[in-house]
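Labels for the chains are A, B, C, D, E and F, by order of writing; each one numbers its residues from 1.
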Amino acid sequence: MFAHNKRLQYTVRVSGPNPGLANLMLEQFGGPQGELAAAMRYFTQAVSEDDPGRKDMLFDIATEELSHLEVIGNIVAMLNKSAKGELAEAVDTEAEMYRKITGAGNDSHITQVLYGGGTPLVNSAGVPWTAAYIDSITEPTADLRSNIAAEARAKIVYERLIALTDDPGVKEALGFLMTREVAHQKSFEKALYSMESNFPPGKMPVDPRFSSVYFNMSQGPGEMRGPWNQGPQWDFVTDREKQMAVDGGSGEAEVKLPAADIEVLKQMQARTLSDPSKDPQTGAELGLDPSTPKGASAVSKP
Amino acid sequence: MFAHNKRLQYTVRVSGPNPGLANLMLEQFGGPQGELAAAMRYFTQAVSEDDPGRKDMLFDIATEELSHLEVIGNIVAMLNKSAKGELAEAVDTEAEMYRKITGAGNDSHITQVLYGGGTPLVNSAGVPWTAAYIDSITEPTADLRSNIAAEARAKIVYERLIALTDDPGVKEALGFLMTREVAHQKSFEKALYSMESNFPPGKMPVDPRFSSVYFNMSQGPGEMRGPWNQGPQWDFVTDREKQMAVDGGSGEAEVKLPAADIEVLKQMQARTLSDPSKDPQTGAELGLDPSTPKGASAVSKP
Amino acid sequence: MFAHNKRLQYTVRVSGPNPGLANLMLEQFGGPQGELAAAMRYFTQAVSEDDPGRKDMLFDIATEELSHLEVIGNIVAMLNKSAKGELAEAVDTEAEMYRKITGAGNDSHITQVLYGGGTPLVNSAGVPWTAAYIDSITEPTADLRSNIAAEARAKIVYERLIALTDDPGVKEALGFLMTREVAHQKSFEKALYSMESNFPPGKMPVDPRFSSVYFNMSQGPGEMRGPWNQGPQWDFVTDREKQMAVDGGSGEAEVKLPAADIEVLKQMQARTLSDPSKDPQTGAELGLDPSTPKGASAVSKP
Amino acid sequence: MFAHNKRLQYTVRVSGPNPGLANLMLEQFGGPQGELAAAMRYFTQAVSEDDPGRKDMLFDIATEELSHLEVIGNIVAMLNKSAKGELAEAVDTEAEMYRKITGAGNDSHITQVLYGGGTPLVNSAGVPWTAAYIDSITEPTADLRSNIAAEARAKIVYERLIALTDDPGVKEALGFLMTREVAHQKSFEKALYSMESNFPPGKMPVDPRFSSVYFNMSQGPGEMRGPWNQGPQWDFVTDREKQMAVDGGSGEAEVKLPAADIEVLKQMQARTLSDPSKDPQTGAELGLDPSTPKGASAVSKP
Amino acid sequence: MFAHNKRLQYTVRVSGPNPGLANLMLEQFGGPQGELAAAMRYFTQAVSEDDPGRKDMLFDIATEELSHLEVIGNIVAMLNKSAKGELAEAVDTEAEMYRKITGAGNDSHITQVLYGGGTPLVNSAGVPWTAAYIDSITEPTADLRSNIAAEARAKIVYERLIALTDDPGVKEALGFLMTREVAHQKSFEKALYSMESNFPPGKMPVDPRFSSVYFNMSQGPGEMRGPWNQGPQWDFVTDREKQMAVDGGSGEAEVKLPAADIEVLKQMQARTLSDPSKDPQTGAELGLDPSTPKGASAVSKP
Amino acid sequence: MFAHNKRLQYTVRVSGPNPGLANLMLEQFGGPQGELAAAMRYFTQAVSEDDPGRKDMLFDIATEELSHLEVIGNIVAMLNKSAKGELAEAVDTEAEMYRKITGAGNDSHITQVLYGGGTPLVNSAGVPWTAAYIDSITEPTADLRSNIAAEARAKIVYERLIALTDDPGVKEALGFLMTREVAHQKSFEKALYSMESNFPPGKMPVDPRFSSVYFNMSQGPGEMRGPWNQGPQWDFVTDREKQMAVDGGSGEAEVKLPAADIEVLKQMQARTLSDPSKDPQTGAELGLDPSTPKGASAVSKP
């Protein structure tokens, strides 16, 4: 069960209203690397987890991320406080209101008009949050890696937001949130390696014929090798012929069909046959500019 | 520039039509952990990457994932081949067609009716693919971790699909695809650790007061400690008071506002004041069942 | 700040595994009327709210909804527990696994294959949760009405889920959750009517010429009147002519344009002119079945 | 059946082109509180409704909302008329065109480049309309409340748009649309209370043990009580212990499993066991900056 | 302005309830090729259109498509009528209700539980309608072609639905709707060719060096030529070298940067340098099963 | 199988960094008419296609579109190159960074903050790409028309982008991409008309009673006729009565129900009956401003 205390995990002190900056901050409120994504990622994993250690850790961190969602939400609310009031009470002349909403350095209209200077779960472009951002699949050797990566990404987005403001209170609170992502990443790393064997992930053995091959699929200027494809552990395959049909078969797709189905497919093929032997007149040709001189058309071969 | 050869990277041999299984296979065609997501994840990173080694590797793997997309797409197409023909030519009686489309073990109607037994970019529930599945943020210390996690997830989803079919040709091709995810994960691991310093990700230093604290936010039955929150490297904070306002402040949010804005906000507060002193009649009370005896209503306090 | 205790708000006792039922229960986990939608609806309102009474109430109820999300998530997790294990360890023969995943009364493949028998934030059709479900606009006279409606909808979806299961433990926990929606609705009703004036919502006065008119836009069989359009407070307008251009103008749209723009528009109109005087041959006519006898074609006028 | 007359329900007179303002107006064309959402909300309810009075009313209002969609669409079209022509005919120099599209007070590029100065079904941020905005569930005691709330929200968004423009023709047409939302809200209120008993919504009785309890889940500074949680009709529960496991049980989740499944789960737990007793080296530690002096690292405990 | 008459454009006579079939029919109610998509496609084009002939035609057909939306909606409502009642009143035992909702030949739970047997704007998989389905771009030479294609697609989806039912009333109404798509396609074809020049679409001339080249990008087994790439109007380029850098340049991407930016980029490259010379230990290697014998691991080169 | 060469199909030479222009270019990278949509449209059709000629052509063009995706992606990457570096290394003062990100003529913050100056698969408004943009339905007479229309739309969006920049290298590369859309449209036209009969699309015959009728659904000012609704091939129906119930029936919807279901429906109707005879007090009336003088209220009839 969750409980709440109206004191924040970190005090929020904002120097002054700034709806444009509020809009940018939404990235970590309702954006893909933001705190709701983090909280829901860990919470849903915690609910399905059976290992008691991981379950406890996941609930700890999920709960803290919810508290971070509240901190970033309060930053947005403070930055928007004036805008919210002005919009609700419509005290400015229209021209001034329009200028405020759409002026340089401020495309906050996205959140002002629809959301009234509130704290909606959208990213900084106004795209609503979606659970498609969460990539958990209920297998700890994969999900812990996903969590490690998610913390790394969130750390970077905080870096960028910190670089965009000189309000010291906002910088300080963002610095706290950024730091906590690093601490969480450390915990998830420890949890991953507390599983005796975590690579390859899952249970099913791989096919040893293909697990150490590196296919050099992109060739031409700028090729370069490194430990990711060279050294004794790698077979490096650059011959195009050896990259195709690596099972030694035809490289084609086939299916065994009942005779009746084959008949139906023949019928379909006859109906939809593309006759390569004729050069039919087309709709495009009907629509060509009639004044185009023959042979000189921009759309014919010059 | 991309080039294409109609030979597949791996030969696809399907034992017989099975639209229900085709539907499940769509998970790795147009699903979040599928091959389009993989190909686009690496391709878009490659385009923006400036480090020549990583750029080359990302194009190599992106191109191979496109070739995998083609392999899994051909599995779907073969499994659907009869359905496509029957649907296009409508040879069955209606009752039989309806039974085939919706029968037990087969909810392939989702892809049959709309997509005609084709190979749409949807997951096994029919949800269209979205770029919201891709979490790249153009910072290699984060993106390589995201790629490692993505390969781990894809490996697991292939495990599950292999466990669902006993068609030997399908199992074999899926086994190839599953194995390649492991090989790719190894390459991304090597690339990550080829960066001399990759943790913490990014550039900005963390706040040392908070980078080694573990907040025990979830308490009660089932608590358990491990290397993720115990040992000399961790400060373990379990006191609820010490989890709040960790900066030592009030734990409240505040913003300095111009005097004019304060006036507007007062006006708004007056207009929208919630008066706690009265007990107003509500719309719900208007709508209560008039036959409910006073004091016995299911919605009143018993 | 949020805190968590691993004891649930309501004990969950499930009689046995049932992935098909788990799938249905997801409706209230990651569906539009579910507990995440409720929790986030009230939490985001709470963060932006300035009235202390409403703010406190919104945090109270948001926190309880998060606790409900945990209860319904645990119901899903218990119903899926066997499936999760079988899928991860792949103990069955493939044929049996396929039958289990896709068999009659069970389309749980949607959540099994991708989410591994976990607790994803999707609805019962596998559609990921989106913040587009949340309709808050940061104006209490509107948002409280939205909350009242949201609780009413959630109550009904719980009714339907209760009607679908005879597992007594599941029914009991769902009954608790359903009841709490009613209690919350009562609180929101009280909060709405604690505002001295809440109708019309907002601040701007309406145009008295149109605020009591009822336009009878749908006519024909089945017309019926009631208090929503009859009585002394309504002007009932049924004459089609009087429903158009109700301002007394032309009913057309116009804009004053600079002369230069008018020239450009003329140029565009000339380029894209649709000449009504000719009967051009079309692409469709090019594609008509050549064997169609003149005058007898199914696509010509009979 | 629908019929159409090219006269608008309200004459649209726009003072001059303004693509930036056009963009804002899209909020009520293709946004969540806009006219398409309203029209489709009532139209789909009307189609499924069996009560003749409500069905007639829903068709009346749905049809009017379609006519409002046309009015707001014409406002957008008039404001965009010059932009559409200039873009189609490309008469400006490139620099001027770029400045017009992206200049201060005008982020209309979103709709200009892709939609050519047309009237797309997107909100003011360019997010396409989705039926996820519609919350109808085919139960009148819930849907009428949803309709009441939807009208309240739409009224507020019109207030905000009116406050953003000083074009008198636009203000006048928006004022008409805003007023009609209030009239519709009145009709839906009448229809709701024309049902003899509409609260609690639906049919299933609530559990009287929990229908009048208020759980004080959010505590700490700023607590406040009011009619939503005090008075004789409420049980106010503030003790954290009494908020958990309110059924009197353990507060845990359990499921009865077949013996075979228990074996599988044990196997899974063994495979994915998190061993809390060791302190494993992690990938993050591999990636630490090698120049970091021991004990001084920003990521170790200071 | 729209008007409505409660008589349908086509009488709907359904032989009996069938929620499974209702679900399939949703494809043309709220699916991508369905009637809402058609109506909104033409309506939004009509609003922005300046050519009087096309504008009138677009309103005519948009209005008819809305009337078709009503017809298909009524088919769904009739097929769902029993389900709606049973669900609302919960008259069956739970086991029977569950069987009805999830039984073979019926995955209607998607629409039953959430939407209560109503007529939601979702496709047959339960995916909500989105304006992303509409591809209008406010240029008639493109939009009319889009409309022609949309009518062709809708005709085919109706074919498939007709093939799935033997209810004569449903077949008859669907046949009407299917036929109307063909009639509309004919109108759009006539409108397209009423523009004197409609190909190439738009205004800007193409580059004659590339407008008649066909790049043979896919080679290998199964190559075949036809009028789409052979004949005097085509240059057929099959040499891979001649497909790259067709402008005669380097085939590389370059940008001129200010000196200061070049310094920053060097700094970034140094920080994120991937050192190809070392073979670093990786996180994956840390996680390898410790019992794996050296040289025999499934994940090492065999 | 796909192969890749790091040489582009067209050399990209950008005059200087311009993140605002980069944002606009994303329209053809991750937007609905962009190159990913094109590549995936043709690739997925190719995979399911059985006709060898069309299959080969679809793979040719799909592969070229992937190569175009790479070209437009490189344009974005070059325009963003400075921004990417500055953001990663945070070299500016905060104020300058904020100004750069949000300044006039530049709303690139959408892609800068979240995507770090990379090349994300979003449109110019930051909306992620979705497979809902692809309208293929696996029937060549429809899909080829969809492809023709898609090429026409893409050509137009390139026109608009070319009109927005005066960077000669960008204009030149965009001109190449624009021209190729026209060449592809020509190929698809040839392929469509290589099918002997392609209209009406599909196989099922239409109902001759309705295939040549034009319903004049939109009447009033501005009516105009042309070849799309006049001439001997059309029946033009303008009488409203003759537009309804065109089958000659009642224009109503009906379903035959089992007696038990009829009983349930009666019960539901009784429970949810809307009583038209009373004028109930409503929640709105409870919330009216108490100071409103009777009869003078803005919300009452004046």
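To be clear about the criterion, a contact is a pair of C-beta atoms (placed from the backbone, for glycine too) under 8 Å apart; a residue touches a chain by one contact, two chains touch by 3 or more.
For reference, the UniProt names are A, B, C, D, E, F = Manganese catalase family protein.
Source: prediction; values computed, not measured.
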Chain labels contacting chain A and also chain E: B, C, D, F
Interchain centroid distance [CA atoms averaged], chain D/chain E, Å: 24
Geometric centre distance via CA averages, chain E-chain B, whole Å: 21
Contacts with 2+ other chains: residues of chain C: 1-9, 32-33, 53, 56, 59-60, 62-63, 67, 74, 77, 84, 88-90, 104, 107, 114, 116, 122, 125-128, 130, 132, 137, 139, 141, 148, 156-157, 159, 163, 182, 185-186, 189-196, 199-200, 203-204, 206, 209, 211-212, 217-218, 220-227, 233, 240, 243-244, 251-252, 265, 268, 271-272, 274-276, 278-286, 299
Contact graph of the chains (line, ring, star, complete, other): complete
Chain B contact footprint on chain C (complex, rising order): 1-7, 50-51, 53-54, 87, 90, 92-95, 97-99, 101-104, 107, 109-110, 112-114, 116, 122, 125-128, 139-141, 148, 182, 185-186, 189-196, 203
Residues on chain C engaged by chain D in the complex (per definition of touch): 5-17, 32-33, 52-53, 55-57, 59-64, 67, 74-75, 77-79, 81-82, 84-86, 88-89, 91, 130, 132-133, 135, 137, 139, 141-142, 145-146, 148-150, 152-153, 155-157, 159, 162-163, 172, 175-176, 178-180, 182-183, 185-188, 190-191, 193-194, 199-204, 206-207, 209-218, 222-229, 233, 240, 243-247, 249-258, 261, 264-265, 267-268, 271-272
Of chain D, residues touching chain A in the complex: 20-21, 24, 27, 31-33, 104-107, 123-127, 156-157, 159-161, 163-166, 217-223, 240, 243-244, 251, 265, 268-269, 271-276, 278-285, 299
Residues on chain D engaged by chain B in the complex (per definition of touch): 141, 192-193, 195-200, 205-206, 208-209, 211-212, 220-221, 224-227, 231-235, 244, 251-252, 274-280, 283-291, 298-302
Touching residues (chain side chain D, partner chain E) in the complex: 1-9, 30, 36, 40, 43-45, 47-48, 56, 59-60, 62-63, 66-67, 69-70, 73-74, 76-77, 80, 84, 88-90, 114-122, 128-132, 134, 136-139, 203-204, 280-283, 286
